[in-house]
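Same chain, two partners: subunit A is paired with subunit B first, then with subunit C.
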Partner chain A sequence: MIRILGYRLLQAGMVALLVGSLTFVLMRSLPGDIAWRIAAGRYGYDRVDASAASAVQQELGLDRPAWQALADWFIQLLHVNPGNSLVSGAPVMEEINHQLGQTLLLAAVALLLSLLLGPPLGILAGLAPGGKLDRLLLAISTSLRALPHFVLGLILVLIFALGLGWLPAAGYGEVQHVLLPALTLALGLAAVSSRVARNAMRQVTDSAWYQFGRTKGLTESQLFWQHGLRNVSVPLVTYLSVQFIYLIEGVIVVETLFAWPGIGHALVHAIFARDVPMIQGTALIMGLMFVLLNTLSDGLCYWLDPRRKNP
Partner chain B sequence: MMMNIVRRSSLAQRAGAGLLLLLVVFAFVLPLLWPQDPLRQKLMLALQWPDLSAPFGYDHLGRSLFARLTAAIRLSLGLALISVLSAMIPGILLGVLAAWRGGAVDRGVSLLADTFLALPGLLLVLLLTALVPDSALMLYIGISLLLWVEYFRISRAIARPLLLSPAVQASRLLGLSPWLIFRRHLWPEMAPVVLTVAAFGAASAIMAIAALGFVSVGVRPPTPELGLMMTELLPYYEEAPYALLQPVMVVFLLVLSLLLLAGREKA
Partner chain C sequence: MQKFVRPPLLVLMLAAAALPASAAPERIATLVAPFEIKGTDPTLSGDIFLKMSIVETLVNADSSGQPLPGLATNWSVSDNGRLWRFTLRPGVKFHDGSALSAESVVNALEVSRSKPGLLDKAPVTAIRAENGQVLITLSQPFTPLLSMLAENRAQILAPASYDNSHKVVQIIGSGPYRLTSLQAPQKLTVTRFHDYWGHAPAIEQASYMAVGRAETRALLAESGNADMVLNLDPASRSRLKNNRKIELMAVSIPRSVLLKVNAGHPLLNDARVRQALSMALDRQGIARAILRYPAAADQLFPPSVAQWHNPGLTPLVYQPQQAQALLEELGWKTGADGILQRNGQPFTLTLTTYPDRPELPLIAAAIQQQLRDVGIQLTINTTNSGEIAAKHHDGTLELALVARNFALTPDLLGTLLQDYAPQGGDWGAMNWSNATFNQTLADLVQGRNVAKSQTERQQLTRILQTELPAIPVAWYQQTAAVSKRLSGATLDPFERTFGLENMRWSE
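And then the complex of A and B:
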């Protein structure tokens, strides 16, 4: 367990380094004079003059050589403080705080929905391999996997928001607003988790110890609840961690599609505005969120099957 | 080799290959017989039904959807193919090198691979495209950087036990060149796995390109790109639903054909 945590901590550090150096290069490669740009962001484009720009340059120490700036920047990184947004002027962390809550809400509802949809259907299909449900599920999950998140979301919007008019296509705050974006993410996640659950269930029912339980005279439901479920869960949770990539990437696109005021939406907007501190902050948080989710799934695996030592 | 692959392929894989071939013919061969400019606007014809000069109808600026779709497929498939190839070659070389040399080289390259793994892929591509906006080059670099890790991991995993096998040990003692050992012993074991990974990689590249186009961070208008076309046609979903449906169907068919071609299930 300690080893897993140590490894994940190392990963978190590497995420910070990678995002950090990329955004540092980004900052340096901004077209035009950085000081002028930042001054413009602060005081408005029409009130910028040479004195304001040089004041900014003094304050932020932009005239120093690159290596000094980089060193300073790493010290800042250790304090997890990407500074102020170039656009709104508010501290990046404050803005992210608000957005992170919205993203976490969306991600949590999506995960919950996908867990309700995927694994139960997959387990049912795995109990009767080759059956009608199994084949239908294979077709559906293959099609769902061939659709990028935003296409899936687009189709849901066209059906439920514009066609039937049941749910709003965009906005936030009410329960009905979270349903469509969460469902978009959940369907993609369930497409994979249902297949993993199905294959795991098949492996479990084919195993010698499962057969032995049957010989011993356990009923099918006793067998499943006492011997099946926990063993199916382990590969499922392992794959769940692979799927977190899907979740994080999905958040970027799905939030933009549904105008959900979360981190992904903010990141895309920050990239438009080339608001480097914002890009840096959101990318950092998304990367760290990814590592954290993986760590949680490692822990869950360990709890489900303590025999597994390696991550 | 070729026959072997055909014989071992499943029905789904053959279906995928067939579908992909159809799309390639549609995008690369038909425009040769029937050249059209995907950028030429005829505003009078905006959102009109198909006619002889535009068999798929017109978009909101009166551009031929047939010409735009074929150009967009060429862009997506071409970019995906180049990205996969340029991820595959260094990925495999680094994997074999790490297995061959072991020690510090192995640890160093593995750490590098883990660093890339620790970041969600689309995020990396987004950050790179932010460096030089509106350029397909950054898109290509980002996607390749994201895909090489997979090749590195599988080729290292396959090469490690093989390099210790008696056959390879004997070849090494005989002083045969590393290239010969790679061709004779390592590559035949890797090829089928590499093909699967390549098909998955191309599928995710196509999805990433479309996703970035859709959020308007990837290539810029008026370049025809599948995701971008969806963004552009979305406001006209009521007047011309078939127009919006076309890029959606094309992305679906492209990714589906590659997933089927990849065959073996993978999460």
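And then the complex of A and C:
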């Protein structure tokens, strides 16, 4: 376990190094004058003139050599301070703090909803492979996974906000605002996790040790809850870590569609405004989130799977 | 076997399905627009605070851009036009309970003047308080001053709004609504300010939400989750038209799509070439097909800007044959590839534009095709907006397609001064100068002959229409979807206010 944690820590360091340098180089290599772009981000493009752009350039020291700016960023990062936003002037940490909280909330609700929807249905389908539920679930999960996030999101808005009037179409601040964006992410996640659960369940029920449990006189209920569920969980949790990519990439689209003020939304806006420290900060946090989530799922698998402890 | 698993799973799924909750609390007017809140600094997001009636300015403007009393009840200017004296409205309180004073106004204006904006471009030499009045001294007469004081960056905040380094740390205004929460970049909420000096607004609470995607904004209007939604895209407008719970509103705003021309370019330095380019444009087609409202510009300023729209001008119309004939007169002959040639040189130009307004690249493509029909080859360069200004400064710009807001100040003179000054302007003329125009503009700015000001404006628009340093293409409209639960909503062509204080619940 300690080895896993050490490895993940090293990975986090590499992510910081790579994400920080890559975003910096990519943003610097975009065409156009960065000072003009930042000034447009601050004041609106048609309020920008040469004097505003040159004031921005002076204030931010944008004429410094690029390597110096990057080195400064890394030094600041060592002090856990990724600098200030070039547009709002507020510390990046302060801005990310609010936005990260909103993203984590969205991601957590999405994960929870996907766990409530996907694995239970998958397990039911796996218990009766080839049955009606199994076939229906295959059709639904294939369609859901094939739909891009924004299409799925729009369909949900059309049904739940326009059609039924149950939920707000977009926005944030109230409990009900989180449901549609989270459901958009959750349905895509559940589409796959239900299949993984279904196959795992089938493998478990077909296994010799499950059959042995039955012959030694355990009831079906005891069999499932004592032996089945835990064994189904290992491949499921392993698969969840793969799905985090889907979750993190989906967050960007879903946040923009639902006007959710999260970190994906912040990243898109920072790119438009060429707000380099914000881009570096948000990309870094997203990278680190990925490492953290993978570490958590590794830990969970380690705890769930007794074979790893007693090889 | 399944019966052992089913009950707990069903409970879980039902719990998930039961989560949908009730709709948002009633009676909070929800306003939605694409403008993000970048922070508390008025230079960044001052327009939102003014639009939501949280802050006020010394001078207001009516729907035609004429100055109206704001926090100043009246003003006078000295005979030499260099000293303006503003009398402040009595009994005005800021939201923190402190009283509006001449000193607080001076402080707010001085901070505003120290930052990039418009006040820093006015010839102001001093702002001071004297006997409860605010005195502004100028180095030369300057009539757009009133208009600049009506602009959002000249908003008057309470002294407690600023920290020691003049940074705005909180928004303490004097408007009919006070800020109750600010969650940049997307949301703010306001509540009625009970000590407001003017009439009490009917709506008690309101929220503003910045929603970038036009589809999402339209869905918010359609689902009834928002009471007023601004900046609708053409497709959504068509759909919302049939919704009986919504009233669609539109107002022509002083923003024009125009071709900024480098009049110093060898192919474009003759006014007749610019006229030919203008004749080759099918503006009606562009407006109908891309903007989906009849807003073809036949001159630079739309009719909504009464002072500056000049009905006496010969309108710019689509005359491709005349355009070709004019170019032929200037020595251009159609080559084998259909492109005009003169002395072995093809008529090819680069048009720079930007996607901040998604319709601009589409309009650029239409223009490319229309100019191709008369033998002019355009290469479109869609890049970031700053490139246009940067290329203006290094002299490499040929043509640019921009959407220019002339209402940075309620009186267009302030913007005109930036764009069409003798040395040109980032969003206006380039390498173009006209002695009569310059003199007339200077006279108008200095207010030398107030009685003749309307004639002077007409003179300016006539020169712009003939010489075409910028070729108008289309006029913009501000559009909004307003829930029928609300009444009294209006659209301000100068986009200074959402008019929240004049709205009321109609149910």
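Assume the second predicted complex is superposed on the first by the 259 of 311 C-alpha atoms of A that agree within 3 Å, B and C clash if a C-alpha of one lies under 4 Å from a C-alpha of the other, contacts with A are read in each partner's own complex, and residues count from 1 in each chain.
Just so we're on the same page, contacts are C-beta pairs under 8 Å (C-beta built on N, C-alpha and C of every residue); 3 or more make two chains touch, one makes a residue touch a chain.
For clarity, every value in this text was computed on a predicted model and none was experimentally measured.
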| item | value |
| --- | --- |
| Contacts of A:L136 with subunit B and subunit C, given as first, second, both or neither | neither |
| Contacts of A:I271 with subunit B and subunit C, given as first, second, both or neither | first |
| More subunit A residues in contact - subunit B or subunit C | C |
| Partner chain(s) touched by A:L113 [first = subunit B, second = subunit C, both, neither] | second |
| Contacts of A:L154 with subunit B and subunit C, given as first, second, both or neither | both |
| Partner chain in contact with A:E249 - subunit B first, subunit C second, else both or neither | first |
| Which superposed partner A:L5 touches (first subunit B, second subunit C, both, neither) | neither |
| Intersection of the subunit A residues that touch subunit B with those that touch subunit C | 154, 162, 256-257 |
| Residues on subunit A engaged by subunit B in the complex (per definition of touch) | 11-12, 14-15, 17-19, 22-23, 25-26, 29, 142-143, 145-151, 154-155, 158, 162, 192, 195-196, 199, 239, 242-243, 245, 248-249, 252-253, 256-257, 267-268, 271-272, 274, 279, 283, 286-287, 290-291 |
| Touch list for subunit C against partner subunit A, complex | 1-2, 4-6, 9, 12-13, 15-16, 19-24, 36, 38-39, 41, 43-44, 116-117, 183-187, 209-213, 215-216, 219-220, 222-225, 354, 356, 383-387, 389-390, 393, 402-405, 408, 418, 425-427 |
| Subunit A residues touching subunit C - in the complex, by the definition given at the top | 31-33, 35-37, 39-43, 45-53, 55, 87-90, 98, 113, 116-117, 120-121, 123-124, 127-128, 154, 157, 160-162, 165-176, 179, 219-221, 224-225, 256-259, 261, 266, 269 |
| Of all residues in subunit B, those that touch subunit A in their complex | 114-124, 126-133, 203, 207, 210-211, 214-217, 227, 230, 234, 237-238, 248, 251-253, 255-256, 259-260, 265, 267 |
